[in-house]
Amino acid sequence: MTHLPYGGIASFVRAPLVDPDGDWRATFAVLGIPFDIALGFRPGARFAPRALREASLRYVPPFTGLDGRARLDASSQTDPLFVDAGDVVLPSLEPELARERITQAARAVRARCRVPVFLGGDHSVSYPLLLAFHDVPDLHVIQLDAHLDYTDVRNDTRYSNSSPFRRATEALPNLKHITTFGLRGLRFDPEAVAAARARGHTLVPMEQVETDLDRLLSALPPGQNVYLSVDVDALDPAVLPGTSSPEPDGFSYRLALQLIASVVRRHRLVGLDVVELAPTLDPSGRSELIAARLILETLAEVQDAWS
Amino acid sequence: MTHLPYGGIASFVRAPLVDPDGDWRATFAVLGIPFDIALGFRPGARFAPRALREASLRYVPPFTGLDGRARLDASSQTDPLFVDAGDVVLPSLEPELARERITQAARAVRARCRVPVFLGGDHSVSYPLLLAFHDVPDLHVIQLDAHLDYTDVRNDTRYSNSSPFRRATEALPNLKHITTFGLRGLRFDPEAVAAARARGHTLVPMEQVETDLDRLLSALPPGQNVYLSVDVDALDPAVLPGTSSPEPDGFSYRLALQLIASVVRRHRLVGLDVVELAPTLDPSGRSELIAARLILETLAEVQDAWS
Amino acid sequence: MTHLPYGGIASFVRAPLVDPDGDWRATFAVLGIPFDIALGFRPGARFAPRALREASLRYVPPFTGLDGRARLDASSQTDPLFVDAGDVVLPSLEPELARERITQAARAVRARCRVPVFLGGDHSVSYPLLLAFHDVPDLHVIQLDAHLDYTDVRNDTRYSNSSPFRRATEALPNLKHITTFGLRGLRFDPEAVAAARARGHTLVPMEQVETDLDRLLSALPPGQNVYLSVDVDALDPAVLPGTSSPEPDGFSYRLALQLIASVVRRHRLVGLDVVELAPTLDPSGRSELIAARLILETLAEVQDAWS
Amino acid sequence: MTHLPYGGIASFVRAPLVDPDGDWRATFAVLGIPFDIALGFRPGARFAPRALREASLRYVPPFTGLDGRARLDASSQTDPLFVDAGDVVLPSLEPELARERITQAARAVRARCRVPVFLGGDHSVSYPLLLAFHDVPDLHVIQLDAHLDYTDVRNDTRYSNSSPFRRATEALPNLKHITTFGLRGLRFDPEAVAAARARGHTLVPMEQVETDLDRLLSALPPGQNVYLSVDVDALDPAVLPGTSSPEPDGFSYRLALQLIASVVRRHRLVGLDVVELAPTLDPSGRSELIAARLILETLAEVQDAWS
Amino acid sequence: MTHLPYGGIASFVRAPLVDPDGDWRATFAVLGIPFDIALGFRPGARFAPRALREASLRYVPPFTGLDGRARLDASSQTDPLFVDAGDVVLPSLEPELARERITQAARAVRARCRVPVFLGGDHSVSYPLLLAFHDVPDLHVIQLDAHLDYTDVRNDTRYSNSSPFRRATEALPNLKHITTFGLRGLRFDPEAVAAARARGHTLVPMEQVETDLDRLLSALPPGQNVYLSVDVDALDPAVLPGTSSPEPDGFSYRLALQLIASVVRRHRLVGLDVVELAPTLDPSGRSELIAARLILETLAEVQDAWS
Amino acid sequence: MTHLPYGGIASFVRAPLVDPDGDWRATFAVLGIPFDIALGFRPGARFAPRALREASLRYVPPFTGLDGRARLDASSQTDPLFVDAGDVVLPSLEPELARERITQAARAVRARCRVPVFLGGDHSVSYPLLLAFHDVPDLHVIQLDAHLDYTDVRNDTRYSNSSPFRRATEALPNLKHITTFGLRGLRFDPEAVAAARARGHTLVPMEQVETDLDRLLSALPPGQNVYLSVDVDALDPAVLPGTSSPEPDGFSYRLALQLIASVVRRHRLVGLDVVELAPTLDPSGRSELIAARLILETLAEVQDAWS
């Protein structure tokens, strides 16, 4: 007896609820970060963790394909495949305190699972999330994003959703490299582009993803520890309209998944965040459904890569 | 440290989650019934239990008034004041099986708490819910509703949201009386009106509620066991637009609460359902906020009446 | 076997479809005028005739009350109680031609029924509609409206939805009097107010409707031929938000119906229009439901007044 | 003089209204089935027949192309090209009775036209619709769908929108083959896949449609009687977001039409259904416009194939 | 030649645009504060200043009533009646800097006009706005609000939209008194209530406004300098649904205006803010129309009181 | 210090506001035409100029690319790069007067800038706009559109949004050629197609754009004066759903920009209009964002072509 998708308490894929600091172990642990005051345009990402949980109920694993192969199948393991660690308890307004709490909760969750899955929130949360990975050697961030998010200061702040990776590189000596796929914003901050290039980061415009993906992927150093940060505005807004700052001509779902699958097969995934989903901007509801499916197919690829 | 309303897993007023058949005791236990295929107009009540849970997070008790008095305060008691028993696990399509499951879960919940609180669903669920009260002596149903819901057969079915109380009176010898407040539909089924009158039920049109409430309330026999069924279309659609079949000139929030408070002070409340909320019909989101507040102020009145 | 409200072809209350110029007779005949280019703010009234037809399917007569009395009961008569004459076939853009077509269709419908019911469209359509009543002696227009709609010229045009009654008084010697109930716009055109007063029209602000209705109604000369024009913005926008130019503090549904009932009991209703409904402005869908119910309760009062 | 699309009573492409059991003949006859209680996620397909009729008014044939060729031109024939047989009169709630009525009406319509066109409703209606084709020899169902819909039991029911083709193969000895194009759901029911394969059905994932369509089409046995069932979720949700269960990476409009055109040129089309359109999920209104256009271009291809 | 409401650049009532620090004088000067990151529920008040400007274009003064009297008539004065000083240039995220900029701009505007009109933003902006009134002797704040907004700390911050008046009383020795009308939240912060009472503030629940308004108003000390802060959630959500935290049973438009008119006749208005309007929560668009009208009728009352 | 996109008065890219007839010079001057009563389907284009101005605030130039190159950089020039001339002051209803005012304002703007940019409005406005270019020798119109818009009379009018280019060719001897890219409507008016062909116009169906663009572009005579008219329904409705009459299988953003870039590099752009954007039909808000970006990237290409 299972619930229909709209029935029952909405934990991610109906996973057991745990406290971030509790006594548990799992393969994948989900943590929500309902924080969106660092974006400077259309709010709503604060509602994303709950929307993603609800949407995930249409995609409760295991996933059996037409070929009969089951993915994300928990039957053969003892630890749970998924737990849901709820949301970070955030303050109102106080950004610094919010970042501390995010780092702390991420660290707790990371210590108890193989791959933590973070549900943003706006993209600013990637900075405090990455702080929880300060001890990962040779950390490589792979980012799917229409925008670079490497700005030093924008509209008088250093902590907006335009700056998470700038702050992270400053704070984390172990963060060796950032690769950004899907760039297609209209205005790039020249200082940010120069700073990223000076540090050796790889900046891949969207057109190049389409024409040159294999070469780009094989040019990445193999075997690193990869933190994958997916800004849903990397996807084409026709595919996923529910985001603050849509940019045309983005990833199809298939291309995004293909890139992600290649990454998780070549590298060791240490963490995943999915950010900038704004459910209220898409009354069709498909944005959260597609983002939830992308998360789950990503994790299926991760598990496949392990076996 | 508490979550903002949009943070954290949405159980009703952040109450502990329990299994209906589990080992627990509570004052109030919430059970959702995400079932809406028995209505013949605009669907969406299936989404109400989850919407009410989310809305309830703006109203987590205790409630301290301007006078400093705290209501729904759990501090002085050992059992939890609230638990959330989740939703009934419903089949797809099969109405008879759905009714069985609803009755079974309601019975389980009822056995473990002082007052069960049922979140519909369309109004047809009141029938299987009432079956769980077959052993309550002198059961009196008090219904707030724009419509009578006492039709024998409508559009070829005996189990639609027009018939729950007809079915209940047939099935439950202990159901002695039904009082319906707020009637103002345009078309009444003559057979249903006649049958209700023949059985001695009290039918109160909306105008009469406004002008004659005290007399009506004092005319009710005191001290019975009352099951309160609140169809949110009793409220004026200006107040609560998110419902399948709105009818103008309904209850203000205040009048509804005043009536309910009088009822729970004079009688013993054995159960409460709130039905026909269709959140997707109200993009302002106030419908679920107001319905959740009504539930909680009702329970505060109940607790006050006990003390 | 009857359809659920969302089933079947949507004619008004499932009435037979007729051609305005066809061979038919009926008590009430419905004609839609999907014209809204004469309003100067938020469009959408072009969609009202179809929305009102769909909404009317929740209110198919007869209406049996709690007292068992049936209203709008066609069983005792030979002509149909209702027919639906469809919509006027309107040109694109050409306002003069549109007015001609409206007058022509209204005249054809009026000749074949006891009371024609016109579904606007913006309020400009009342002018060409009234032209079809040029031969009614002592014609009295009773208007429910937040605005006076008696402006000579607004934004360079004499035919906008601000001017229908000015044009009608110019064109129709038989139009003796206009009474407007519910005035509460913020800005009145001083010239229009003066012109209306000079012609002896009765201008009733909303506050006065609430406090002085009986006196106002009894001051109207009895027994005239009344054309009733209901701009839905007469209703409070909380009750009916789907209109181009909402103004706060309007009619409750009950007060509007009470006024209308008094009018149709004292006078001979020769025609009815309901205008300025903009369904797309109200995603809750209650605006068309309430407007359709108001039309039908009005007609029930009319029929009651005849018997 | 013709109506603008929002004017006039909405029959499909303004076709004459007929009773399914009446005395008429036509090339194409449209029948609506406003039934959606068999789906287990987001309701709204009950509103699709009416939405498709309204949308069809933008596409009233004949269709003259840039090359001057007219399609769906009725001028050369005596029978009407189109009639609209309205909607099946459905009960509330009672699924078995609903299926009987659907089969009965479909049979009546089918007997009077060359190709019946069925407007769902959720996909469960394809089962009772196919029962009306029990006497068609060598019936071949071609299905465009993201999902297989061949599940035996889901959420305790055998009659949901996941099972229509399973039920049909059980009931119809003449149903020889099913080909499903566009499969891309995340979770397939292993038992359903195995059963479909065991029966020799052709299961075509979406990727294969894109890369291998010609070979797939030519592998189909020529000349059969084909019933075409189009679940609109076959289309990419960017193209058509108004559907209960969207899946990314679906058909473009062009590819869907190309596939359909190939099918109707090679085979004899005996019936067509279009299902799972949920208009309220797409406030842009393009979902019904695109679905209506797809129906009409399909029929234009059918007529072209005949000549 | 004047624009229709949707035409032309949207300054408030088409007033001249000025720089806050520029060389200008005016009777009323409008300043927007598009800041909403201090609220802890549903965002969107950042869009209010622009929405209020657009809505104001339906209400461009002067306002001539049915009695022919013109209000807000600029013809007899030399300074402009209105100027629009645009919005405060706000940083992203940095609340302290935001508050500084708000105070600075408010001070500049205040120095150049008779009554500054501030368009929020969430209610937290009232604190930095009030700082610009530090030199007003015997400052009295009159607040229309469902909530007290006098909390010391909420969710770890002292600067949320729950605390503006607490912070203001701490910072402004000249702030002598606060009167809050319309209180009806479910949960009051006991510490805040006690602190407000200890300071002698007047706390008026909504019911008391309705029954006892005259006495309450006459109990206020006459002739003070009043800063009026209107949280739009003071209004009933049926009247104005577009707000983050709606509470049932609030002010009608008429009662709010009546209270405001009494206040501005008895006292000297030194400033006005209107806050917590969230336009995206009300697709009917009436929320901003009604709020804009309330602002303008308030200013008409102010001007009337002066003459 | 710059505003966030939702802050400040919304002029196009924050350009200075000018009067069309004022004393100014600029490279690009923006003029809005909020006129949509000439379309015969879903209204809303009247709201496009304001929506495009607001959306443009996310894309304030200069645009620095990943390569560090700045486009639309005003720093090296004395005249402003952009001014915003506001909207044409339009009458209500009177189409002929509206056209006169549009032509007059367009002429004034054109005389003061290098390239005027017109924000519609429905497509009918291209006719009066083109009248302002009567003195441009060898004028060539390049139109991106799903529809031909060359109909002589439709629904009794010669001035609807189906006819602008027919009227323009009649009125303007200097209009030598029209090329329409992206045709894919279902029904073409045979008379209009014949008339366009007879006059030598180039009609390019969408499929041909995709397969044969280079040949088509090089077949255009080089060096003419080109007026570019972009009907946003040229774009695929998945990309831009907010338009009255969407047609599937349209331009991707990239292809549209590529075509436009080729055009402006080969020809001399004398004017640009962007029409048929209906913001209220797209609650995601991406339609105006994408249209604004397309305008700005077009102008960047224009400026690049000059240098």
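To keep things simple, chains are lettered A, B, C, D, E and F as they appear, and every chain counts its residues starting from 1.
Following the convention adopted for this analysis, a residue touches a chain if its C-beta (ideal position, glycine included) is under 8 Å from a C-beta of that chain, and two chains touch if they have at least 3 such contacts.
Which protein is which chain? UniProt says A, B, C, D, E, F = Arginase family protein.
Everything numeric here is computed off the predicted structure, so don't read it as measured data.
Minimum number of contact steps separating chain B from chain C: 1. Computed centre separation for the pair chain C/chain F is 40 angstrom, with centres defined by C-alpha atoms. If you average the Cα atoms of chain B and of chain F, the two centres end up 56 Å apart.
The set of chain A residues touching two or more other chains comprises 1-2, 4, 6, 40, 46, 90, 92, 155-156, 238, 283.
Of all possible chain pairs, those that touch are A-B, A-D, A-E, A-F, B-C, B-D, B-E, C-D, C-E, C-F, D-F, E-F.
Taken together, the chain C residues at the contact with chain B in this complex read 1-2, 4-6, 58-66, 68, 70, 236, 238-239, 252-254, 283-286, 289-290, 293, 296-297. Within the complex, the chain A residues that touch chain F are 40-42, 155-156, 183, 186-190, 193-194, 203, 205, 237-238, 241-242, 245-249, 281-283. Within the complex formed with chain D, the residues of chain B that make contact are 36-40, 43-44, 46, 90-95, 97, 154-157, 159-160, 280. By the touch criterion stated above, chain E contacts chain F in their complex at residues 1-4, 6-11, 17, 32, 34, 46-47, 49-50, 53-54, 84, 86-90, 92, 283.
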